[in-house]
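For clarity, chains are labelled A, B and C in written order, and residue numbers in each chain start from 1.
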């Protein structure tokens, strides 16, 4: 492992991550990626420590990824699933978290359908003066920082596998396409990509990307003295000196000359809420296909956080095409990045 | 670990526990409590042994506690949850237990909503002449011995952390407040506290503490030649030479000069069964608050087995007050005590 | 472990297993059976490898058996249960499998209610050119090869514990009784028993053993150039030189002089589908009892894959009689055989 100074105690959001922190995660994950290519894919780093997966919202993919990451660091894992939980017995979320604290948990990986729950647990742990770390594994429509970091790692290792670092994305055009409004994945990715100096182009129907979204982002960024420009004018062609965020209500200007296309999962519930006419029309307008990719750079790659609705966000054919799809690579990166996060949070503890 | 002779093969009830057994559990748990304060909280004691958690009734807290205890002893764990079980396929409980036996289980931790199920499984294992141990993790309204032992450990380590032992509670006044009738926690605690020489005061509304309850306890105790007096006369002030059990239908005489107050979880179903008027009235009469604690000794501490209905059994404010609340300490003790129990049952096996 | 050459990459069916393969599994399982009799029942063989249990159909018994087998080989395990899966989010089965592949899974143990799912996943893995092995843990009414192999191991170790091998069953008369038509267990057992040279007698009511079943078996066998005779004439007395499969619509000719009786689980749904008159009548005609066993050889033993409907497929009394019942032995064999299968699939990987 690289010797680093890591001072962040909880990982709740990427909004205030520093370049040094991004680079530390990327380098640490690269070391673990190497471990994972060995026959014995285990290291004793977190032996005797306890990682509790508190999944108040059910998940297969993210929970398995965190569980495997923890096991490969030789940690003991506890799984809490909402279905069989004492939540149904009227206990509060904070009391559940404090129970796992009292059992000796070192790191809590928390998913909840409401935004802010991981922050609330982290605040309570800090108030109690205990050293437990909280890692946000997705909270409502707020953030999903480990997904943002694994996407970043996937892109950076593609460019320089030996030395992934944030600056590699400087000036790259990256399109994020789909249900931006409801996506915690998009909200985490926006911070990391802007921080890298990439040009980030959001594309969605107006119901899934209201103008108000720009103000939300600016407000969050302003609170942290981050400087970047948000624009909804379609001028994607000119190379830009400073990082920028663009909003588009059509797909084409976002795809034009793009280096990478990030597609987002479309929740079927959006249909019933009358935000979209039909899945078929959505696919026609915003679904990514090989034909539409011809607008992008020839070397373009496509990402999706999964699970994929084939033929909706992305054509089935394109999803399976290793020339364009980074989807499997994202899953693999996920284990390495989550090992890195658990390692960085856990290794300081004594 | 202390070198001890431990002959009990199953842990099903505290009704016939001896002073030596209590002290062995307390001392062994104290050793493990020390292990848990190290960075590497694992010992290889039960490596290669299998602990099966057969939870026919779902539970988060107790199952996690046993699972963590087993993992910290390096045992392999199997989790059986009723929801996905073959029980729905018509197999009997004993056949399920025998299946886990045949797979090579060394210790079965059993929870069931019916009293007597762990005893029945233990009897079947003995009949078959196998060395599998059964540990009752809560059976209906009968007993919850590991909870009783962790409560005992919590109290004794508070008085003498270096050397917790049963005699430390001699002459202490301990109030148990709440739904005594339906509580397996109370039923286990009564045996350990009486055995310690404490003065045990039960307080509850008459519907949750019928006079018949005294006869049940006396009958059980008589069967084991235990000597103590059950009284429902409110004479809590005079120091008493022999252990006694008092029944109260008001809170105040139980709290008067108490050293410890154990609150019990109130099942919301009691309301619908017309055993209680309302949660609000229950809290007014039997809920523990800072104000009511002024009746107790100034050093009084409050326990609760969790999960807590805040504002019902105990005020939210009091629950979070580290000066009075031992609730988090109970959870921590739970892991150490369950490690001790698994160790004592498992280490004799070869 | 015996040094063997094992070339099969997936275990999906027993229809084309060779004698050498059967014998390798039997000998490897015998080695692990020996490991399981030690105090420390673990070997480091698969340390750092990942076994994913993808149970799209829920199961307690088989999943626990595979999980324990994997843990005793020191593999890390991931459990996927359909109930909390992303399947409900519209992802395809192959995409779920590919996600576990991308996480670094080495062996996938797959159960699904539809026949052919494990084969489809294996085909996809091969198409992708990856080294992941797929093990069929039961697919619809098709096959359950690990159950067939553990039944075989149970029979062969009974005859020669030191050296179980396929030829030990040559000429033995083995009755398979019950719901043949819907049984994946029967379909796997037929291949292994025929391969051993045993005389296999199927007995069931006509609704659960249609004549068409013979044609299905012959077709499958013909495709693999296997030679054996299927007969529905009741001539069980004469010793026969070549392996044969007999169909009976009454119990008695199948039991006559049988060495072993395999009973099958009766799904209660068969009643509602009007395939059977009543459980009671079924038990009278085809349920195995001590009385009916008097038709068999005196040394006869009875098997059942579990979970058992006591008093339906087999009398409660007989099930618990260690003189006749091999049911517990089958469960124990299951762990050893599954360790062998995971070992043979996993040890070649580097």
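As a working rule, a residue touches a chain if its C-beta (ideal position, glycine included) is under 8 Å from a C-beta of that chain, and two chains touch if they have at least 3 such contacts.
Small disclaimer: the values here were computed from a predicted structure and weren't measured.
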With touch defined as above, tell me whether chain A and chain C contact each other through largely the same residue numbers, more than half shared, or through different ones. different
Could you say what rotation angle superposes chain B on its sequence twin chain C, using C-alpha positions and rounding to the nearest 5°? 120
Taking each chain's centre as the mean of its CA atoms, how far is chain A from chain C in angstrom? 43
Going through chain B residue by residue, note those that touch at least 2 other chains and give them in order. 83
Mind listing the chain B positions that touch chain A in their complex? 36, 38-42, 58-61, 64-65, 67-68, 71-72, 81, 83, 268, 306-310, 328-332, 334-335
State the interface residues of chain B toward chain C in the complex, per the touch definition above. 47-50, 76, 78, 80, 83-86, 89-92, 95-96, 98-104, 349-350
